[in-house]
Amino acid sequence: MIRRIDRIAVELPPPSEPDAAGAASVQELMGGRFGEMSTFMNYTFQSFNFRNRQGARPFYDLISNIAAEEFGHIELVAAAINTMLTGASPTDDGRAPKASLAPMKGIGNPHHFLAGGQGALPQNSQGRPWNGDYVFSSGDLVEDLTHNFFLETGARNNKLKVYEMVEHPAARALTGYLLVRGGVHQVAYARALERLTGADLMKLFPTPRIPTEKIPECKPHIKRGDHLRLYRFSPKDYLELAAVFNGAHPETGEDLVVVDEAPEGVPPHDLPSQPAVFAPDYAPEEIAQIAEKLRRQAGLPKAPTGEVANGRRSPAKRPATRRARAGSKK
Amino acid sequence: MIRRIDRIAVELPPPSEPDAAGAASVQELMGGRFGEMSTFMNYTFQSFNFRNRQGARPFYDLISNIAAEEFGHIELVAAAINTMLTGASPTDDGRAPKASLAPMKGIGNPHHFLAGGQGALPQNSQGRPWNGDYVFSSGDLVEDLTHNFFLETGARNNKLKVYEMVEHPAARALTGYLLVRGGVHQVAYARALERLTGADLMKLFPTPRIPTEKIPECKPHIKRGDHLRLYRFSPKDYLELAAVFNGAHPETGEDLVVVDEAPEGVPPHDLPSQPAVFAPDYAPEEIAQIAEKLRRQAGLPKAPTGEVANGRRSPAKRPATRRARAGSKK
Amino acid sequence: MIRRIDRIAVELPPPSEPDAAGAASVQELMGGRFGEMSTFMNYTFQSFNFRNRQGARPFYDLISNIAAEEFGHIELVAAAINTMLTGASPTDDGRAPKASLAPMKGIGNPHHFLAGGQGALPQNSQGRPWNGDYVFSSGDLVEDLTHNFFLETGARNNKLKVYEMVEHPAARALTGYLLVRGGVHQVAYARALERLTGADLMKLFPTPRIPTEKIPECKPHIKRGDHLRLYRFSPKDYLELAAVFNGAHPETGEDLVVVDEAPEGVPPHDLPSQPAVFAPDYAPEEIAQIAEKLRRQAGLPKAPTGEVANGRRSPAKRPATRRARAGSKK
Amino acid sequence: MIRRIDRIAVELPPPSEPDAAGAASVQELMGGRFGEMSTFMNYTFQSFNFRNRQGARPFYDLISNIAAEEFGHIELVAAAINTMLTGASPTDDGRAPKASLAPMKGIGNPHHFLAGGQGALPQNSQGRPWNGDYVFSSGDLVEDLTHNFFLETGARNNKLKVYEMVEHPAARALTGYLLVRGGVHQVAYARALERLTGADLMKLFPTPRIPTEKIPECKPHIKRGDHLRLYRFSPKDYLELAAVFNGAHPETGEDLVVVDEAPEGVPPHDLPSQPAVFAPDYAPEEIAQIAEKLRRQAGLPKAPTGEVANGRRSPAKRPATRRARAGSKK
Amino acid sequence: MIRRIDRIAVELPPPSEPDAAGAASVQELMGGRFGEMSTFMNYTFQSFNFRNRQGARPFYDLISNIAAEEFGHIELVAAAINTMLTGASPTDDGRAPKASLAPMKGIGNPHHFLAGGQGALPQNSQGRPWNGDYVFSSGDLVEDLTHNFFLETGARNNKLKVYEMVEHPAARALTGYLLVRGGVHQVAYARALERLTGADLMKLFPTPRIPTEKIPECKPHIKRGDHLRLYRFSPKDYLELAAVFNGAHPETGEDLVVVDEAPEGVPPHDLPSQPAVFAPDYAPEEIAQIAEKLRRQAGLPKAPTGEVANGRRSPAKRPATRRARAGSKK
Amino acid sequence: MIRRIDRIAVELPPPSEPDAAGAASVQELMGGRFGEMSTFMNYTFQSFNFRNRQGARPFYDLISNIAAEEFGHIELVAAAINTMLTGASPTDDGRAPKASLAPMKGIGNPHHFLAGGQGALPQNSQGRPWNGDYVFSSGDLVEDLTHNFFLETGARNNKLKVYEMVEHPAARALTGYLLVRGGVHQVAYARALERLTGADLMKLFPTPRIPTEKIPECKPHIKRGDHLRLYRFSPKDYLELAAVFNGAHPETGEDLVVVDEAPEGVPPHDLPSQPAVFAPDYAPEEIAQIAEKLRRQAGLPKAPTGEVANGRRSPAKRPATRRARAGSKK
């Protein structure tokens, strides 16, 4: 089971110049064979299907826990795509039945406009849907780990190329972050194979053979040490990560670290309505009125209770909560 | 982002007589068009793509939160399938290169044995992979809710028929539970549409028109009140569920209830190795030795730290923890 | 545009011993690459896309008109499959939540029971969906005709093999009829190619090289002359069929004939409810009551107005109508 | 069975400036999940698979009859696409082996040129083929109707967005018409659910929440009353439509009407040859000569007998026929 | 380019008791994600797309050459499947229109009978077609080699499980051979990665962790030394294999060897006609007569010139040829 | 089995102005339904599955041998695509993490850059993967030949249209060659059908009805006589081609000829590295150093042994070899 937190893993820039063609490219990191749906679903199914967990607990914990982080990655890819699509049709005065989508004809993935509401899709950069054949769950631990190392290698390749193709700030913030975190998973699976068999895969780093630190958008994350840390995404479980994830980082030689808590994340931007595609409505202001009324009837606060990066909710309150939680960890 | 808990939503029986053909049928509830991957991914993408969240917060919270519960449902379907496949090849003395899989030739889904390690697959009852075309995320709130109500209706149909086809105790425990919980989601989306538009869908319950209470395996869950409760699957977020989920249950007339905490769940069974399919290895005992050594080197306890239904971990300790946590709710 | 007639092309036997595995095989004739959806959709798209129709009117009329007959063929395949599935779950006293589908576990196409209501699917004998890649519509008349001849050849092969595999009376009545009618289309396309290019394909008959007349279930149709006739499936259009469809039948040497009217067909069997799969309901009798009430409110007759083979409507009335219509043709 | 009429449902403008990118977008209305192939095939299979038809005759008649109208819709979408593609390669002097298709490189759906003859495809706006998974035919009447209402809602969404994206006159004429007719089907299914269960879905209109009357191209059809009328597409069958389709229109309050006859439609444009893509030939004039010869040999008139909007056939004759037929209805 | 040799890689037993369910299972080794079509096509595309070949010649030669051997493997899998299907319908007196395929209803892959002529298909064990998404050709040499090592690991897993599931002598002869040869490729790619990066993967052998020598059907090939040899499948090219493929075998410590010539192979069995499925005809003897006449007209020998294991061609002649060629190697 | 030759069938021009959109179009000839993967795999599977080969040897030899030539065609299509993609990202100084791929955003097939290393894919012009459903192998010889004739007709259509759409010199050299060679196969299958059944398909040539000789890039091949020749792609086998492939060419009346040896081909261009997509590496020069070292350790020549069109290997040596080989044929 999971608990969900209404925050995203890392800060993305607010919407700026829309980039529908770029958003179509970034879809590869969502629904491609090596996209985040693949990493999320591969590790999730492997954890579901893990036999003799007690006998192989450190490995079970590792795979299960990385799966949990990957959910945050599909969420982040979606947020980047949505940011890039914002404004591709007019955000105000864009109501049908005008020709509001005419400038998008022949640009990017047509389903971003014709099927969806300028939102992310479970598809790759060609508009083909992600499918279950991308999941490998043989049940054989050595093989599953070999696969996972390969999967992360392919994922790193794809992220680097999307980085090179798409210069939109949201795409760059996304790929900069994912390259660092994916790199940790790549190390984790290689190290797990090493611990399990004695094989030494460390000289395969980095693959592709460009060091992560050469990428400007990766540097802040590296500086913060995020290239060395495996976070534990669970309040009480998956306690044996450190039995596998330890030793030197293959590129920098620094010590790998297990952090006994998940990152806090940041509130996402509340992206504006796109009335031309009816997202969330042809006349979004009507929903807001209904929502307020429903909230009142239920005895909830008049203002929305959710926190968003650009939100109305008082920022004073939340940090206090966060400090409290951080304090309780000590 | 999510936090993961190493427990499943409800207790399933331990492995008994294997049922490979039944497991193939239950796959419909995993990777079919109306399976749990579909409910999980539909609501997840709808929540990712939700525009003007603050303006429509009660609806955003509802969809986001149900998505979180659905993760637990794909986990549960997997657990049921894995239970049903356990023992289909010999659990001891079944090591290759014998003809250990010969009795499975032509039975059920061949990928359960030839591709996987007697484990669940992201496929339907015909062995076809789940795919992203099963996700509807138009961004139009009325349409997404209409879709979700329809999706839950189709899901209820499929669960009822799997119930009728597969008598294995794990399948019956699974469908009994999912029918009750899916029923709550069906009500939630119908009510959300009602609150948003004024349309009254309550007379569409139950669809299919067999009352849930007629199904023996549903009764304990109904008796416990689980047909009325929407749990909040988040430590701090999604606070506005009650603005939508309220009023009378369409079938029983009882009050719908929002529970401000997720269910605790139960520890899963640690299913035994299946060496004939190399899950988790041809010689699983070697992994256990390695794991123990790694745990020792990392300064972890000698025994596995994870809790499983049939586990070695002292049961005395965990309940205390649970009590503490339960106490903190009050 | 079309007008629809509530009759099927030829009489099928009423439901008898169900044959779910046979029904799964017959699906090849529905949704397989060479199934009736393929013939129907290929000719339909070719007619839609036909350029310079006036310049090539006899060929346009031929393709358009055969398309119209093919609709009746997908209808007939569906009727045969539905007949074969009738009774596979109990037709009375089979209401859920019993284990009414347990005998069907592992038999045939699981979607016949888990997804559908014991009804035909747009899938092939492997349970894979028909798809648009099976349509060839190049716009080049010679090529489209070459394709159509090949398609009918492949279709004949599949029908013969389904005949050999499935002995259920409905399957045999179906294949007996389709072999004769498909044979006419095979001749029509070969003759069209001959008229257009001068090439002589007549020595390719029969392919596969078993004469149709050797198949007992084909004999009545041959005796009636249906192997020689191209019917015109339109009240006023497609008048130029005879410009192409003429000359000697390649196997028998008899004259090919254009019949200036579509066959009358026969009323279909009204197949009984299958309450275990909720078709059309868990409690079908309630629908009947509602229907009667609605009919009354609308000023319609108390009894259903539709004619079915096993129906309640007086048979005396309809033949009169038919005679009248037949008379008006003269 | 069907009878086919060589006319299309509504007048489309003749070819003008070609728009290959627009044609690629319009494909969503043909082969998308919510396109006209989906509406046609869903209702067709539901009618084929309908059990206990006599007991539920008004509902069977409704679904069967709407299916018949939908054939005219796939025909109309094809006609619009073909119109938009006309002239994309030179219509005269465009014969291979020139570089006649070079301007189309990278524009629209490449299969419009490389696979087909500048003609419609059973594909969506991404070039992916329509497939049988888009058909829902559960056999459960309440569910099938729920699905159909949802399908029409999604279809309306897609039509509105295609309207906004594609300004070509053929696309606008198409979407203007389909929005009105699809709206009738959306009402019909909602009303059928209401009649069957008592649920009231009328407040869900319009979804998306833009009134149809705001769209200029819809207005003539609304003025004519076509938003209220369900036509009976059969000479003698499906007589019980009025038992379900009655009462007030959810948006306008006007009375819904069953028209006891199908619309006459109009003759389609005979689109010119595109010799660069060999449609219907590299040298189309040769086919015309052959056709004339074949017609003569068969004793048919020298001129083509078919009627087209831009045709050679005397217009004086046909209207007389039409009047006669219209007269016979009284 | 290739030259084709009409021989198969290793001797398979002649047809014996047919095993249609087994043949369906063996399809996994043909068209599954890890089947021989995948190995063949992956290495083939990687060789086609290899940039800077001269700079990386030893690696280019390795991949190109293994691709060539893989063609022989898809051929061998097909031969095994065809052998297993022989006799599933009567080989004599089995002519249609009897019910010759009735015993096959519901057994194995229906396309073996309904679509094909009891022959191999480009499908997996579930009847799903092989597709191009199974090809990984990133162009990055380290990644492609990582993939190839993983692919061979997955292939070994699938072969072992097919071995365990299918006891038919042809399947066992097939898997015994493929396990040994695939093992060589697995070593080759691991060694190539080692030579390129310094990483040591040798402790990953064997994966799955059952030694190949434990499998009885592998022993003769190991005894012959085939587990150590990389053959050069080219008359003059791919000369640099030994630059990569050298050193000790990871399991046995023996020296790896490059053999400068491809294996001779053996003539395949000429499998008998299956007239019930029209392979190669309803009346195969007629083809033989035509062939003989054509041969005579062309001045060819009266008897067929091809060599088959069970053939009519004089065996005396061929061995002489073979000796001569063998002699020339020295 | 095969032997592989490191040469391509015909000379292609060296890389010039890149054309990513053109390369995406040319993919239709690789992975489209009528592309070269289809011709290669169709004939290959038909040859694998051929029953009673001795009885039908001339036909078996024909199909088997054409299959062998088709391998060279997929190789050639790949070479053309790779040539067209060369330079689309900078060939020098193009190393990541720059925005080297930004100019390619929205151009052509995104997988050429994001998934692959500017290399050919097993996909069609829409980016959809080739799949096994494109293979027809019924086992019925008449049908398989009918299919093959149709397949070659469709392939000719696609090649002509790609010719018209893509003017890049590599695409024109490719299509010019393939049209001539494909034309030979089209004749071969028509003639085989004629020999087997007596049907006369010769008047179907040419289809599409544009004579091949009108295409400038075809002329040199026609002049050389390549439109008349069927080469034997085997050192010793497939000796009975002439029993089928003989008589007059349907268009020119010249005699068809069997050439008892495969064409020599030419060495391919060694396409330069594309470091921005890591093909074959981020720093390709490092691989070259490793390769040289490995060659030295293995006692191989210091310079690469392979021959390429633009290669470093002494051209003096190879022609001698070729002459010798040519001499030995006499």
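A, B, C, D, E and F are the chain letters, set down in written order, and residue numbers restart from 1 in every chain.
Rule of thumb we're sticking to: a residue touches a chain if its C-beta (ideal position, glycine included) is under 8 Å from a C-beta of that chain, and two chains touch if they have at least 3 such contacts.
Everything numeric in this text was worked out from a predicted model, so none of it was measured.
In summary, the pair subunit C and subunit F forms a contact in which both copies contribute largely the same residue numbers, shared numbers making up over half of all those used. Distance from subunit F peaks, on a Cα-centroid basis, for B. Relative orientation of subunit A with respect to subunit D corresponds to a rotation of 120°, obtained by superposing CA atoms and rounded to a multiple of 5.
Each chain gets a centre from the mean of its Cα atoms; for subunit C and subunit E, those two points are 42 Å apart.
Distance between chain centres (mean CA atoms), subunit A to subunit C: 50 Å.
With touch defined as above, residues shared between interfaces to two or more other chains in subunit D number as follows: 33, 115, 126-128, 133, 138, 140, 142-143, 157, 208-209, 277-278, 281.
By the definition given earlier, chain contacts exist for A-B, A-D, A-E, A-F, B-C, B-D, B-E, C-D, C-E, C-F, D-F, E-F. Listing the residues of subunit C that touch subunit F in their complex gives 33, 133, 136, 138, 140, 142-143, 146-147, 149-150, 153-154, 157, 193, 197-204, 207-209.
Only residues 1-9, 31, 37, 41, 44-45, 48-61, 64-65, 67-68, 71-72, 74-75, 78-79, 82, 115-123, 129-133, 135, 137-143, 195-196, 233-240, 242-244, 246, 262-263, 265, 270-274, 277-281, 284-285, 287-288, 290-291, 294-295, 297-300, 304-306, 308, 311-312, 321 of subunit F touch subunit E when the two sit together in their complex. Chain contact summary for the complex, subunit D toward subunit F: residues 89, 95-102, 104-106, 109-111, 113-115, 126-128, 276-278, 281-283, 286. Of all residues in subunit B, only 21-22, 24-25, 28, 32-33, 107-108, 125-128, 157-158, 160-167, 208-210, 214-216 touch subunit C in the complex they form.
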